[in-house]
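In the two complexes that follow, chain A is the common piece, with chain B as its partner first and chain C second.
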Partner chain A sequence: MLDLINVAYDTQIPNNVGLSSDKRVLKALEKWHPGYINWWNDLGPDGFQESLVYLRTAVSVDPKGWAKFDYVKMPEYRWGILLAPQAEGRTIPCGEHVGQPAWQEVPGEYRNMLKRLIVIQGDTEPASVEQQRHLGKTAPSLYDMRNLFQVNVEEGRHLWAMVYLLQKYFGADGREEADDLLRRTSGSEEAPRMLGAFNEATPDWLSFFMFTYFTDRDGKMQLESLAQSGFDPLSRTCRFMLTEEAHHMFVGETGVGRVIQATCEAMKEAGIDDPYDIEKVRALGVIDLPTIQKKLNLHYSLSLDLFGSEVSTNAANAFNAGIKGRYQEAKIDDDHQLHSDTYPVIQLKDGKIVWEDVPALSAINMRLRDDYVRDASGGVKRWNATIEKTGVQFEMKMPHQGFYRHIGVFADANVDPDGAIISKEEWDAKKDEWLPTKADGDFIQSLMKPVWEPGKFASWIAPPRVGIDNKPGDFEYVKLHMA
Partner chain B sequence: MSKRIDFQVDPENYRHWRVDYEGDVAKLYMDVDEKGGLFDGYELKLNSYDLGVDIELSDIVQRMRFEHPEVKAIVLQSGKERVFCAGANIRMLGGAAHSHKVNFCKFTNETRNTFEAAGQESGQHYICAVRGACAGGGYELALACDHIILADDGSSNVALPEVPLLAVLPGTGGLTRVTDKRKVRRDRADVFCSIEEGVKGKRAAEWNLVDEVVANSRFDETIAERAKEFAARSTRAAASEGVKLTPLKRTFNDNGVTYSTIEVDIEREKGLVTITIKGPDGDAPASIDAIAAEGADAWILRAARELDDAILHLRLNELELGTWVIRSQGDPAAVLAHEKVVTDNADHWLANEILLYWKRVLKRLDVTSRSLVALVEPGSCFAGVLAEVLFAVDRSYMAEGDFEGDNRHVAAITLSDNNFGRFPMANDLTRLQTRFLGEPGKVDEAKGRIGETLEAYDANELGLVTYCFDDIDWEDEVRIFLEERTSFSPDAMTGMEANLRFPGPETMETRIFGRLTAWQNWIFQRPNAVGENGALQRYGTGVRGDYDMRRV
Partner chain C sequence: MNAPLKQHLIDPEICIRCYTCEEACPVDAITHNEDNVVVDASKCDFCMSCIAPCPTGSIDNWRVVLEPYSLEEQMEWMELPEQAEIAKPEGSDQDGGDIEALEDSVERLLAEAHAGAGGKAKAPATATKPSINLYNLKKPATATVQGNYRLTSEGADSDVRHIILDLGNQHFPVLEGQSVGIQPPGTDENGNPYLPRLYSISSPRDGERPNTNNLSLTVKREEHGVCSNYVCDLKKGDEVKLTGPFGATFLMPNDPQANIVMICTGTGSAPFRAFTMRRQRTAGEGGAMMRLFFGARTSDALPYFGPLKKVPDTVLEKHLVFSRAEAVEKEYVQDRMLKQKASLAELIRADDTHVYVCGLKAMEEGVEAAFQAIADEAGSDWHAIRDAMRESGRYHVETY
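Moving on, here comes the complex of A and B:
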């Protein structure tokens, strides 16, 4: 009998989907594999392919088995195909087919829609690896370097997960799309990644932490809604990806938290009370809180753009088709069809921000974004608790959802962080107070000096409270291989 | 949709397009203003278009020919990132009355035909440079160009998603140009037209959906190269200065429109409109240069512009005026003299453009879904290009001999060379060839009478008019006919006329206006598309169209 919990290593590609008996897909994946390895070597972490990294690898998809730690060279990481176990008797959770048995094969009528969703999701996974490829060289500690690489290899695995679905269920078209996922490159002139935020550079570690906190959280929300898919293989894939995604959120939240902590502690020690005394704070070799706030503003608004237009036909189609649900669909108490429900959507009418009830089906994106905002506010609260504990008078805030937006109802409006609509002149005059300037970037960049001695941390970031895999503080998370 | 749709736009106020002129190459950017829809209730997202966007495009194409004679290649591209054009706006279509959809499609078809023909007949070649999504009407814009370049960036594509997405057809020439112009193999065309996501990269070139696929990094360079090549290949006559298409002088009132050469008189209760074309006053310009100096004021250009505008206005804004009576008044010799200056200099760029413009105006008349009637009365000037109107209408009535108390000249028709080849119809035949499909000898017979003043007896013998009536019968016969005509079902009239007007061979153009449009208009009436639960109505709600699965 097929063992669908434990990961089989009897093929080159670890999996729990019985790949060794599915020759067609195995062949397709093996054909794709060298291209992937080339991609990893060319566009994965720059300069650390020979280093031994203390990474977790899944040996089983049950809660006990998916985090086994050991040293591995990244190109030899066992990327594999891992699906959460099939739930007995699962039904389609939403849309016009609600209650029917979940699809185990692609329904022909939704083939294109499904393929497009999988391709878009798949396109973001390698994109972040590409965006972050230079960060290893300026890691503030081996601990952080390991976390970066863990995130990177798992994003790589998420690409595998999407590619498996394409190869297994979408025939020749799927194979072509799988190849194109390796062809597009973040920020490339030739063939850029599909979504804007994934073509932006991640120039420094604060950006990386903000990215994993805010932007990866969009990814999490997308995976959450794809985990509700009536197409069972997609649902199972995403459910397992979410267990890995949690670590990425953790890296982001604790990363930003530790930067804040280092700043506050340094201020206290130096007797600086005014968080806006930026020059003095910066002189301590830490990042001042107002600049951290600016970075937060930037990454939060870029991430909100990833949810698309507030009112969206594509999202409505996908929900109604039952191929993409809402966040925690099963826990929502309604008919899961939304034929006559409404949902309040933020709108800009005659220069005023108003809320209007629109058909709930067309407001799926808005609802997911609202869930995202709630989800993202948790960490911000904890950051503020950290600040408060040190006695510094400052509060991090998530800006208004109309602030600095490029997609949706606010795309053409100038909105300040508090949600006031302002003139273009006022925006131009004030934007440097709200968004990081080149000078801010240069300053942050000046702090990006590698600290590679086990147990040591750069001045601008506090050590973590506990180590990964409960390792002691001076554990050598990465055994550097210096050529 | 009760406001008057105006087809005149001021190029200073384009909302959706911009043009950069660089010597013999013009760069035309589609950059649709989301909030610039012609009607309320929809936003023109992703470079989608409505009639307002197309009116501007039509204006640009027209001005390109007259105001920018130096241009030999036009590069059509998107002014937006990551999207070329998403096609006709679906919410607009979903909310529009059937008549508006039909009129919208007809006008967009005419505009596509105009810039498609510009390359061959006028030496202005349209090149389409596609980066980003190019879907539906977006790809139909591309299809009408002489050359399509597609960026190979892993996501740019061309698509005709109407069938799977909206349960309608790519009705602006899409289906026809894929098979007839690009000669895509029919099974591949079947695949292409059934997949929402379309085709990208090398396959698009392999299937001949585009002419070339180029790497993103070479995109701009390739566009520039192609533009140069097409410009070099252009047969356009040399020109220094263009002719400015100044604003038309016209006055609208409840009973019609007054132009300088056209009078539109409405009899609303009768469902009738009379369009009177006034011949030129004064002597013909001495030379083509004199016409160029007169510019848009030259009668022969002015009359074409005004008639064109009147046709469009009546088509879109006066749906209940189902019968158009076309008259003319003036000196036939003067019409011929004005025409002759242009015809004798047909290799001059401006003369060529004026003749081509008349060809288009007459074609616009051909595909107008109204009963068209011409009255050849005393004092009329159906000569040369204006005589062509008589062969475009469904029926013509001619006054015979002197009319009591009327001192105008006796009704007559005068033919010129131009009636024998200058103004072909969509079926590639002249109107006289089409008229005499069963008696080709009659065309030669008429040709032998070029320049003669043909009064009723001769005109009737030659078969140039439907009926001739003298002073005694004229008024009653015309009245009775018009009363009968206006009492028929407008649908039956449209169908009958559209069938009878285009006998003879099929061309891509007749297939677009006949086969494709007719099927599309049928689908536009069917519940599967436009019913309350049809795909077009439900678009955007997330709920799929509910189809009646019975084949008809």
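Moving on, here comes the complex of A and C:
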């Protein structure tokens, strides 16, 4: 009998999908595998392929088995194909087919739409590994280095997850798309990654933390809505990916929080009360709060762009087709078809920001973005609690959703962080107060010096409150073997 | 008065609100508002399905309470409340501090065993937070016997056994120094079920071998002892019902540089085997020296005599003493302690020294007298030192 909970190791590719009895897909994946390993070695974490990293690997997809910790060399990580258990009697949760049995095979009429969603999702996974490949060299601690690598190997696994769907359900086209996922490269001139935010470099650790907090959270919301897909294999894949994605959220939220904490504690110790006394604060070897706010502004706005246009026909079609739901679709109390519902959407009318009710079906992106904003504000609240605890007078804020946008209704407008529409001249004069400048970047870069002694942390980041896997503070999370 | 109750809680300062636990919970005990993720005490049955999936560790928090915190209260929290001092169950002469068990009978047994320390037992400051009483008589864990080995030689006059219990897929987190309860099957002459017995765990938290979900016990066969005979006769493959884990104070410090002095007789060595293995696994030879004063009648009656010899002297300074060995003068642990008075006097003055005494009640007096003499000679006040050590979780007695 097929064991669909525990991971089988009887093929080169660990899986819980019975790969050993699915020769066609097994062969296709085995053919893809060497290219993946090459990609990992060429574009994965630079300089640490021989190091032993304390990573978690899933040995089953039930709660007891999916977080087994041990030392492993990253190229030997068991990337596998893991789907959440099939829910019996699951039905299509939304759109015109709502209530019908969920599809176990690709519905022909939505084949292309589905493939495109999977390819876009798949393309972001290796992209972030590429963007972050140089960060290991400036890790502020072995703890943080380990967390980076955990994120990286799991993004690698998420690529596998999408490639499996392409190989299994999309035939020759799927194979081609799977190959292309390894061909495109973040920041490349001739074959860049598909989404803008994934072609920007991640130059320093604060950017990494902001990226995992804000940009990976877009990924989380996309996964949440794909987990609501009527195409059951996609839903199951995404449900398991979400359990891993939670770790990435954790790295971002606690990473930024620890940077903030180090700053506030250093200020208190030095008797500096004014958070805007930037030179003095920077002299302490920590990142001043206004600069952290600027980084927040930047990453938040770039991430909002990933949700696409507020009003979107594509999103409406995907929802109506039942292949992409809303955030926590099953918990929403409505008809799940949105025939006559409306949803308030932000608009720019005659130079003013207004809210307008539009047909809810066309506002799927807006709704997901609203859910995202709510979700993201939770961490900002925690960061402010940290600041408040130290007695420093400062508050982190998420800027207005019109601020520094390149997609959607605000693409051509100049909006300040408080939501006021301003002139181009005013924007140009003020933008350095709101967004990180080259000088800010240079300063942050100057702090990026490796700290690799177990239990030690760079001056600009506080130690975590709890170790990974409950390990003590001086645990050697990475055993370095430098090439 | 309500009986104390253990409540599962989430640390709101560490939680990142990913709701993974909420998805993992099979009984829908976990819910959230915009700020916090919270656990419903009336639904949570401690199945532990939520523990491993949590990416932050915030989920693994427990408080003993008389009245559980409501969902509304938890949703308002900015931080987790401290463990409140709670009156002990009736019959215990302790008045608060760490809760060692939620069952009165077990709590009383442990309170009695720890009484020799002269006051309220406290856990070492750097000890890992223990889980207690995850399993009880109504809902015991089932372990399978993986092995049962005689530790004392066939000729020795005592039969001490090393028993390895496999826990399968059950979540049974233990710490070195904790105990488990075993209830022998059957009933006594009055037709009542036998009372459970407590046994110290002799393996470290991650199992006999690293990352095995098992634990070992060190059990001496007592003449007419219902439970010890039951346990000593167990065969490979037999199933045993376990309760616990129990104990929240007799724990080892996580700090690898803490000095540890262990004094024991007979099966009192069980927790110290666990301590030593733990230190070796975590600190290798880089930790502070551990010292063991271990008394038995003869070397072939000393449990783990062979394996002990193999522990490097750089890790463990071993004082194995014998009261009935041929051709050597009879020696008890307190005799050896006195011979080591210079180093012990220095150790008990150091503020990173942890002392543990484990074995028969009868050994307490001799050990106490030895410390008294050592302190006197060094011109210090033993009781003051002992009380200070105990207050800071560094003096522990478990005798029976």
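Criterion: the second predicted complex is superposed on the first by the 483 of 483 C-alpha atoms of A that agree within 3 Å, B and C clash if a C-alpha of one lies under 4 Å from a C-alpha of the other, contacts with A are read in each partner's own complex, and residues count from 1 in each chain.
Quick note on the criterion: a residue touches a chain if its C-beta (ideal position, glycine included) is under 8 Å from a C-beta of that chain, and two chains touch if they have at least 3 such contacts.
In this text the structure is predicted, and so the values were computed from the model without any measurement.
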Joint occupancy of chain A by chain B and chain C, clash or fit: fit
Touching partner for A:83 - first (chain B), second (chain C), both, neither: neither
Partner chain(s) touched by A:53 [first = chain B, second = chain C, both, neither]: neither
Which superposed partner A:189 touches (first chain B, second chain C, both, neither): first
Touching partner for A:180 - first (chain B), second (chain C), both, neither: first
Chain B versus chain C - smallest C-alpha distance in the overlay, whole Å: 30
Contact residues of chain A, present in both the chain B and the chain C interface: none
Contacting residues of chain B [partner chain A, same complex]: 152-155, 164, 195-197, 215-217, 539-544
Complex contacts: residues of chain A adjacent to chain C: 62-68, 70, 239, 242-243, 245-247, 249-250, 253-254, 374-375, 378-379, 381-382, 385, 465-468, 470, 472
Residues of chain A that touch chain B when the two form their complex: 96, 112-113, 115-116, 180, 183-184, 188-192, 194, 313, 315-321, 338-339, 359, 361-362, 364
Residue numbers on chain C that touch chain A, as the complex places them: 13-14, 16-18, 20, 23-24, 34-35, 49-53, 55-58, 60, 78, 128, 169, 171, 211, 254, 282
